[in-house]
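Next, two complexes with chain A in common: one pairs it with chain B, the other with chain C.
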Partner chain A sequence: MDVDSSSPSKYITLVSSDGFEFVVMRKAAFISPAIKSMLDPKSQFQEARTGRCVFEEINGIVLEKVVEYFHYWYKYQDKEDVPDMEIPVELCLELLTAADYLGLDSKERLLPSR
Partner chain B sequence: MANCEVCEKRFTVTPYSRAGPNGGLLCPKCSKEAAKDEDANKKKKKRPNAIPGGSRSRRGVHSRILDGTYQTGAKPLMTLCIETLAKNIDLADDLGDLPPPLIDRISRLLSKRRLLDGRTLDLFLQPDAEDLKVYDAARLSSDDYIRIFQRLSQLKTLKLRNAIQFRDNVMSYLISRHITLNSIYLHGANLLTEDCWNGFLKAKGQDLKTLQVYFTDRHFSDNVVKSLNENCPSLARLKICHNQQVSDEGIKHIAHLENLEHLSLRLVKRTSTDAYVEVIKSIGSHLRTFSIQEVEDVDDRLLDALHDNCTSLTKLRITASQVVTDAGFVRLFKDWKNKPLNFIDLEQCRHVDAKNPRENAHQVGLCSDGFQAIMNHSGKALRHLNVHACRHISREAFEEAFSIDKEYPELLNLEISFCEEVTDLIVGCIFRSCPNLKKLNVFGCMKVKHVRVPRGKILVGLPNAMGMVIEGKDD
Partner chain C sequence: MITGRGGSGSRGRIRPPRRPVGRPGQPDDFEQCWDKLREALRDIHNKNAGDLSFEQLYRYSYKIVLKKAGNQLYDRVKDFEEQWFAEQVMPPIWALITKNLISITLDEAPGTSIAERRSMGEKFLKGVRGSWESHNMSMNMIADILMYLDRGYTQDCSRPSIYTTTIGLFRNHILRSGLGTSEPQYHVFDILNATIIDQINMEREGDVIDKALIRSCISMLECLFETDEEQEQERLYLTTFEPFYIRTSHVFYKSECERLLREGDASAWLRYTKRRLAEEAGRCQTTVSPLSIHKIAAVVEQELISKHLEEFLNLEGSGIRSMIDNDRIEDLTILYNLVSRIDPKKTALRNALAVRVVELGNEIEQTLRNTDFSIAQTSDSKEPAGSAKKMNAAAQQTAAAIKWVDDVLLLKDKFDRLWTTCFDEDLTLQTALTKSFSDFVNSFGRGAEFVSLFIDDNLKRGIKGKTEAEVDVVLDKAITLLRYIGEKDKFEQYYQKHLARRLLHGKSESQEVEQEMISRMKRELGNNFTQKFEGMFRDMSTSKETTEDYRNHVRGLGALEHNQIDLSISVLAGNNWPKEVMGRFTGLADGPKIKATYPREIQRLQESFFEFYTKNRNGRVLTWVGSAGTADIKCLFPKIPGKTTGPLAKDRRYDVNISTYGMIVLLLFENVGEDEWLTFEEIQAATSIPQPDLINALTSVSSLKPYRLLTKKSGESKESQANSAAKPTDQFTFNREFVSKTIKLRVPSVNAANKVENDDERKETDQKTIETRKYVIDAAIVRIMKQRKELLHSQLITEVIQVLAGRFKPDLPLIKNRIEDLLSREYVERVELSDGPPAYRYVA
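Presenting the complex of A and B:
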């Protein structure tokens, strides 16, 4: 996937440690400051050129949940009274570590930038 | 007699026998099952209708607004995970090596749900931990506290709320261990005796930088405060709240704590201005926090002392004084050498007279001029401002302070409840002048009626049933 820096693709690919690939909307994945900085065109990271992020620490099952969260967040970003997303109990700790790694905590950063 | 339609057993037919799905009859056992299924179906059908848009969601939203946890959009993934974890904490054996801020958030949530007991406490007792913060220790026993000191030999910061069973034997155990605490925060430990406090400060006071005690009843006395001077030379933060024993005499001893930077007092005994003035004159120049609550008798002399001595304050709180005057506040904030403050709380500094509540000939309390002086001095840096019940701030003063050419970029929280003159226009002006405002409280502002609240901001306490109306579309 070769991406021209002037018009980056609407989608990016996230790859888990065990090789599963998830294609996600760029806008949705950008709530994670970590992914956002990886894909910053100014950064000259390989990820920024290819639109492909490999996470060696996150396995497929957890990454799938993370991707689900990205879309859940995107869908509800401006809504009030949002239903909670189900978190499987057995994934809880791993997901927590992943969320910490991806920086999915601060409320300020999650607010839509308008 | 007939054969059952489902299980084909023979049974006695009675008037209560149920009809099966194909028109035959069912035996008592099978009818019971059928009845169960029907009930389950009914429940399933009812539930989904009840939740969306119903009163529960509206109530839930309001409850979260008052809790301060309200936000638009989805919850952060971290919050979702922590909530799930707290719900299922009985399944967890070990939290693994999560970073400390996360552990702290888990501890907070567990405490909120009152789930922190002897068993769940173990999750937080990592042998190399330097901090332990338990926000609700009400279910812990003396033995649990002792276990904390057995396991955590590196402990530096200890915070325990509702630590009722933190008794003398726990404290003596702590004294006997090689633990050097930098910071101790004890809330509700009202069974600790004065002797024990003295013993602790004598043994462990050398390294203590922070001492915060809440609800210690009669045991944390003037004498204990006096001994701080000797025993805790490096004390930088002192907070004594809801204390029934410390009086003017104790406050005067605080004046000798030369390294003190943060001082917060909320004493039950009546205190006088002189004691506070003495403190400010002695150590005011390097105080960064000065907070005194429920001080009915404190007058303008304290404000003048603050003006003359303090240069590094960032947080100032004086509440419920019925004697300070507007002129005093003007003198304090006008040409004050102190840099702009981040936090000002002057709740209930107002004139009280049941007969003529609106007359205030001597301009007692925070009034218009004082308010403007505050905004002129500290407006640029203010993050939290509380003028709750300062009823004599006029409409003109608010309009002037939040006029179109004024901007307060740092202001996050503004509390103007029970300021009678606040109108729709003023609330609108506030939203315009404070672009980063998160929350505005307007309880008891009866002239506020129909305000449109910009997205991302919260207006609490409107005097109507509608609540706040957010500007803009949903999508």
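Presenting the complex of A and C:
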């Protein structure tokens, strides 16, 4: 992934609908194309300027799991034989929705941005 | 990699995702969402996106798509963009396309200065670039917001992505729009392309242009495709601009090349082409597109190199000929690089080089023929050759041979140098050069002889005082030349002859170098080739031992009667040594062998040695070869009565080293009184020396001024021919007034110097060569047939040629002739096939 080296901070903040804030490594969060475009410094949207993304559709519990996945992915992205990540069964449908929203289902995350 | 935890329902039930729609306070309705999005689009276009929340906008399109209204959104966005285009983007572009610009770019109207054209073009390009960049930027942002639309709708309905569609609008609405009513056949495209080309041509002419500007316009074309399918091969750059670019480049370089051709300076052409190639490559990186780098190079190569290569190479005064002749290293280097670009085989260069090599080779031959070697060169380069006419001519020829070899080597050095410095040690070229060299060396016809003479000369005198490394160089040169020679067997003959003379007359400068030379030949041409030479060396060293043994033997006998004559003998095996040295050649011609009559003292010596020699070696026959030996005799010249001063007033003693025959002749005069003359016939009768050898012997002691031990009286005219060779009609007497500055004299044998053969000798050699070849071919044929048992005629011929290629190039009639001969001798027989090609069978 190409990360703009001039970007202000290595970390960004993700905010859930119920006000929980998660500080995430920028590179880890970029697995989501939605978040990546959101923070694209070229576009100068609000989020890109502040480094803070508010998700009004995702609650804290789900976002926590999402963030956990970001780091899980980031840590193991090019390793083999990685341990399983724990997914609470009761959350899985909500997580699926969130994943869809954030574009985590697509192969595009490996493609360079336009 | 992600697993659920726990059993089914063990910890509560799965929580359903909340429905994303229907929450209060949020715009859920499509129209509401679209209104928000539309405003956002406008803001984005106006570069006013700073206050917009990406997440919000993303969510709007997310919801619309979830509500299955994606197609509506897609169309709305498209409509919006089209409208935006018509209202905001087009007008400024149209404003730039002035009548003037159209007429300049498309009609090439005269009357505008370059500066004017450039600024107008730049303005237009800047306009296009500006509008493209802002459009592209906006479209990227919009596509980002609408990402979910692409994922949730466009992909499913296989419509082009929103970005592709909106970016395509730029192509459809700007580039493809016509120029209005005045020029309906043209599009903005044409103007754009023509403007860019115009700028590029300005740069080619040496102007400075805004490279970055052009590069961005080109990259715009690279980003756009013919259709929304975005096929890789359908980039607008590839479909519209590049062909145009290539076409105009062809035109440009074609006219450039014609100009260069008119100027007729190949050197300038080379540099120009090299510069242009570099420029075009650079231009592709900085100004145009790297995609075209090969195509444009091909244009330059085709127009500037391929099309007129021959003409440039043939240019008088600056073409390849003058490059080679004047060692224009740089030119040749460029030339090589250019030619390698267009033709990996470098045919043109190869041929030109080959032609030049042969030309220069023939020039060497020509110069040789036109040079008068009787001046200067002979006197110091030959050992005191004296002034006899025959010697002189021969010495001249020898000098010519050495000069030929030197010149060929110089030429070879020259091309080797060119090859390493300019031609990147290219293998094809090396092969071609080698072939050309070998062609002209072989076409010369006397190459084999001359090379052997060259080696002879060097081994006799050339290497004197040279360091080992220098000697090495000489040997290398000799081997190089040897490689070129096709008729190796001929060379072998000459070398054998020359080597024999060197060995027998002790003229070789260094035994070591001789051996080294032989071992090099062995490496180069194989064992077979040097067998005889090695045999000769062996003979020489055993002879040394034999001589030593014999001396001990004589000393042991205490045979005092012989102590006046010291014998040093060379016992030579007949096969290894050339026939003329062995005296057999002339012997054969004269029928039964005539033995020279040796003086009694010598005869006794011979008998004594023979006795000694056959004591250990039964059944051997020794033949004394008078023409090959030398003798040291002490001569006393008594003082001349009546002379009181000068050297003649005293007795003079000289140690004379002379050929064996010469010694026999001189001994005859020992008892000849003053003023008594012996005729040629008398001498011949007394000695039985074969006539040619006798002529040589007499000539050497009677013609040359410093060695005139005998005075000659010509039968016809008196003293007029004192310098000429002895003739059968001459009379001789002892020269009592002989004076020499040195005590020791070495009378040169007329035949001892290795020199170029005269025509008769050459004919003889050729004849001998053919004779030898007959046997070699016979042997080859028999060997092949023995192995194959049965073989077609054509195959046999091919194999024979293959086998013999290392030694010489046999000609077909000779081979056929030998096959016939072997048929008649019943080594092989014809295979009777009803209608097949002729074939042979080996007869065991």
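Keep this in mind: the second predicted complex is superposed on the first by the 100 of 114 C-alpha atoms of A that agree within 3 Å, B and C clash if a C-alpha of one lies under 4 Å from a C-alpha of the other, contacts with A are read in each partner's own complex, and residues count from 1 in each chain.
Here is the rule we go by: a residue touches a chain if its C-beta (ideal position, glycine included) is under 8 Å from a C-beta of that chain, and two chains touch if they have at least 3 such contacts.
For clarity, every value in this text was computed on a predicted model and none was experimentally measured.
A.B. asks: So in the superposed three-chain picture, is A:38 touching just chain B, just chain C, both, or none of them (first/second/both/neither)?
C.D. replies: A:38: touches chain C, not chain B.
A.B. asks: Have a look at where A:46 lands relative to chain B and chain C in the superposition and call it first, second, both or neither.
C.D. replies: Only chain C; A:46 stays clear of chain B.
A.B. asks: First (chain B), second (chain C), both or neither: which does A:77 touch?
C.D. replies: first
A.B. asks: Would you sort A:57 into first (chain B), second (chain C), both or neither based on which partner it touches?
C.D. replies: It touches chain C, and chain B stays clear.
A.B. asks: Of the partners chain B and chain C, which touch A:85 in the superposed model: first, second, both, neither?
C.D. replies: A:85 sits against chain B and chain C alike.
A.B. asks: Per the contact definition in the header, classify A:97: touching chain B only (first), chain C only (second), both, or neither.
C.D. replies: In the superposed model, A:97 contacts both chain B and chain C.
A.B. asks: Counting only touches as set out at the top, which of chain B and chain C does A:66 meet: first, second, both, neither?
C.D. replies: Only chain B is touched by A:66; chain C is not.
A.B. asks: Taking the stated contact definition, name every residue in chain A that is touched by chain B in one complex and by chain C in the other, in rising order.
C.D. replies: 82, 84-85, 87, 89, 92-93, 96-97, 106, 114
A.B. asks: Touching chain A in the complex: which residues of chain B?
C.D. replies: 57, 60-61, 71-85, 88, 91-92, 95-96, 98-99, 102, 455-456, 470, 474-475
A.B. asks: Across the complex, what residues on chain A touch chain B?
C.D. replies: 66, 69, 72-73, 75-82, 84-85, 87, 89, 92-93, 95-97, 99-100, 102, 104-107, 110-112, 114
A.B. asks: Under the touch definition given earlier, write down the residues of chain A that touch chain C in their complex.
C.D. replies: Chain A reaches chain C through residues 33-34, 37-38, 40, 42-49, 53-57, 82, 84-94, 96-97, 101, 103, 106, 114.
A.B. asks: In the complex, go through chain C and note every residue touching chain A.
C.D. replies: Interface residues on the chain C side: 1-6, 11-18, 20, 49-56, 58-59, 62, 137, 140-141, 143-145, 147-148, 151, 163.
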